[in-house]
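In the two assemblies presented below, chain A is common to both, partnered first by chain B and then by chain C.
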Partner chain A sequence: MSNEGYSASFINRQSFIELDARERAKALFDAGTSRELLGPFDRMESPWLAMQGVTPQEDDGCVVMKGKIAGQAAVIVALEGAFQGGSMGEVSGEKMTATLDLAAADNEKGIRTNAVILLETGGVRLQEANLGLAAIAELMASILALRKHAPVICLTAGTVGCFGGMSLAAGLASYIVMTREARLGMNGPEVIEQENGVEEFDSSDRALIWAIHGGEQRYATGLADALVDDDTPQVADTIRSFVSKGVPLLHRSSQVALYRTRIAKVDTSRQWDPKEFRALWTTNGSNKEKR
Partner chain B sequence: MEQIEFNYPAKRRIRKRAHVGVVGSGDLEVLLEPTEGQVARVFIRTSVDGFRDTWKAVLDRFFTKYDGTVRIEINDAGATPGNVQLRLEQAVEVSER
Partner chain C sequence: MSEYTGVRGTVWFRAFTGQASPMDGDPKSVLTGDAPLGNEHARFLCVVPDLHGRFPCARHGEVGLEEAFTLATRVREVIEQDKNTIKRPIVAIVDVKSQAYGRREETAAIFLAAASAADAYGSARLAGHPVITLVVGHALSGAFLTHGYQANRILAFDDDGVMIHAMHKEAAARVTRRSVDELEKFAKEIAPMSYDIRDYAKLGLLYKLLHVENPEKPSPHEIRSVQAELVGAIADARRSPVHLRNRLESEGAREMRKASILVRTKLEAQWLGK
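Then we have the complex of A and B:
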């Protein structure tokens, strides 16, 4: 087959989305600096899944690694979207929270330690119900404690995206990095359709879903800080640049007055379309579609 | 979920452990670790019940070629026999790399 007419840069691109959680985490560290903590052979699996007839995974779908990014100490916690939809259970939640807490402790000792969380998740793991909810609450407290010292960078690359309670955790991050393929939102399209009807949200309309939850829209409306291609070196470069940038002067989630004003301007008595909304909220560059 | 165990005679010492795969739909996770003794032990947890004979057929074939003294743990989310075979071979490749 001839590749004529196709862009060489596209053909030679190293996809990030096609990597599993472990490979994703490893790809973001400076080469040769990373090591995994509490890996599969430590057998820290969920005690609740087998009881309910669900096959557990030995790392509970949560990969923890330590190493260096841009020459600085860093931890990465990556959720495996292919295992139970990347859902947060007791064990995966505790792994993520404990990692951020230890990073905060290191920062307090004067060892600057950055954190990157790779969120591919539908939120709470339903089989672990309240334990999953509690895990997310603890995680949010840990992000708030750590982000005072060092940036907590959230990367949602897709294709699962980041939904439910974990979208709130993402909202507390210092920076959010997304691809066009990724989605970020509190209620997923199917939940909205189920609760409010197909007139409210047609969950089979993929164009509509990405126009609302997609990375491009989130970036254009200032709810994400960087939009990257599905390209491993570009993703790693972007993460390094945010590590070098450090803690932002003002976190997005601290800008309560700004967002209250913005929300007040939205007339909810009528249906908005994503383009109109982008025009109202545009902060990152043009409000025109990129393609 | 069904739990299945098999033992096979083995004689070759293995140096390295290996982990491959994900417990995602149609896939599985394999943990392969060196052990002592003259036996290879296989522990399977699968989300699809009633396929013991199929698992036995796949592993019987695998152990006609493999003689490492190992403990193999499989967490399966409905992988096809072909997929299981490939993951096992991948685990061996990683452990002998």
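Then we have the complex of A and C:
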């Protein structure tokens, strides 16, 4: 078979997106250092799905692993986008929150423990509604407590992306890593169209969706810290580099004056072209983000 | 969608602070004020509708970009001012129908704006400020995560006009292909899905349910009694750790969040491992 016309790097690329949550988590640890906690054999499934005719899964779509990254202790919590859209239920939420709390406790004891959260999620799981929302609020509280000690790195690789309440969890992260295939936003196009009409957002306009929520745009507007290819070694390298970098001087979600000024200066009388917005957003704020 | 959105927020903000205006330089949709509460001063914050706001999708009581960054600014101001002194209580009065659903909002990263407000409230709590939330009307979805859900203690009125939920009824009905009536009936049987505040109270997330005859027109006596409840919640928060685990340790949670408690216990046991 001839590879003519394709670059060797493309042919040899090991896709990260094609991996499931468990494989993704494992691939990011230093080789041979990871072990899964509360795995499928612990049978911690959602108590709310079966009563609504939905088949639960024995890990509730949330994989927890502990090991080493760049030689340092680390935990990874990965949401499985293929189970209920990666939605946050009582169990998946508590798995993530309790893991971050245990990591924080280790940090307080002097064991530097980093956290990586792999978010492929539409947000709250509708069938668990208020417990899902509460889980996200508690998760956010735990991210805030942990990130004082060690970086909380958010990776959204695609193809589900990160939406709804979980986009706020991403917003609290120390670093956000995305691929071009990933999307990050609070409200998906369908929801906006339903709430405010097709003039506000045409959810069939794929180009527009990617131009607004896509990894490339988020990186270009300084809202993601790294844009990576769908290449497992490159993703793992990037995560290692942020672990080594440690806690940022200032978290993005704490730089209120900078972002408030930017919002105050934009012209809201019309919709913005996403490309044009890159310039509008980063240049007229006059001051640069401190990281 | 409640016809009361905004009315209740303004009524209660005025009841506590004696006025209902934004601070200098703030949008009209965010009311902030310092007022006596018990034998100290507290900062009160509330999001209200502003029909002439800059952002078209955030004019009816939604929490949008400006609202979130204003809340973040006014909460951080308190953290800064009280850095070397007694930590002032912060009271979030909540009557928010939703986050703003708009293209401008998504383009300008409303997820970060919302996270910034939650960051401010959460950071205030971690710094030792008692953060108290009083839900007087709607507390929905991303809007509640932004404004209110990071509080040490959450209080709500035991009233049909009060609703805490992940998704408003119309949208949930659409997604589940039910009528709103069918949805309400169905949701009633599964506590975390219920739209009834009394069912929400069973989840163990609330500190207290308060009763007021008519939350749109509280009597002076009722206002005083709600203030006394806020003072009680502040004292309780000051006596307790700054994290939110009290929600999982509550009596309600022991019944309704058994799975969460088991997750935590098992995970702790496996943490050290071999």
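The definition used in the following text is that the second predicted complex is superposed on the first by the 280 of 291 C-alpha atoms of A that agree within 3 Å, B and C clash if a C-alpha of one lies under 4 Å from a C-alpha of the other, contacts with A are read in each partner's own complex, and residues count from 1 in each chain.
Simple rule for what comes next: a contact is a pair of C-beta atoms (placed from the backbone, for glycine too) under 8 Å apart; a residue touches a chain by one contact, two chains touch by 3 or more.
Please read all numbers here as calculations on a predicted model, not as lab measurements.
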Once the shared chain is lined up, is A:E138 touching chain B (first), chain C (second), both, or neither of them? second
A:P40 in the overlay: touching chain B, chain C, both, or neither? Say first, second, both or neither. first
Should A:N196 be classified as contacting the first partner (chain B), the second (chain C), both, or neither? second
Larger residue footprint on chain A, choosing between chain B and chain C, goes to C
Between chain B (first) and chain C (second), which does A:N130 come into contact with in this model arrangement: first, second, both, or neither? second
Under the stated touch criterion, which partner chain does A:N12 make contact with: chain B (first), chain C (second), both, or neither? neither
Where on chain A do chain B and chain C both make contact? none
In the complex of these two chains, what residues of chain C are touching chain A? 54-57, 65-66, 69-70, 72-73, 76, 98-99, 101-116, 118-120, 122-123, 125-126, 141-142, 144-146, 149-150, 164-167, 171-172, 174-176, 187, 190-194, 200, 203, 205, 243-245, 247-248, 256-260, 262-264, 266-268, 270-271, 273
Chain A residues within the chain B interface of the complex: 20, 39-41, 50, 53-58, 61, 80, 82-84
Residues of chain A touching chain C in the complex: 35, 37-38, 42, 44, 46-48, 51-52, 64, 66, 90-91, 93-95, 98-99, 101-102, 124, 126-138, 140-142, 144-145, 164-165, 167-172, 184-187, 191-192, 194-196, 200-201, 212-213, 218, 221, 223, 251-257, 259-260, 262-264, 266, 268, 271-272, 274, 277, 281
Contact set on chain B toward chain A in their complex: 1, 17, 19, 22-25, 27, 29, 31, 33, 45-47, 73, 75-77
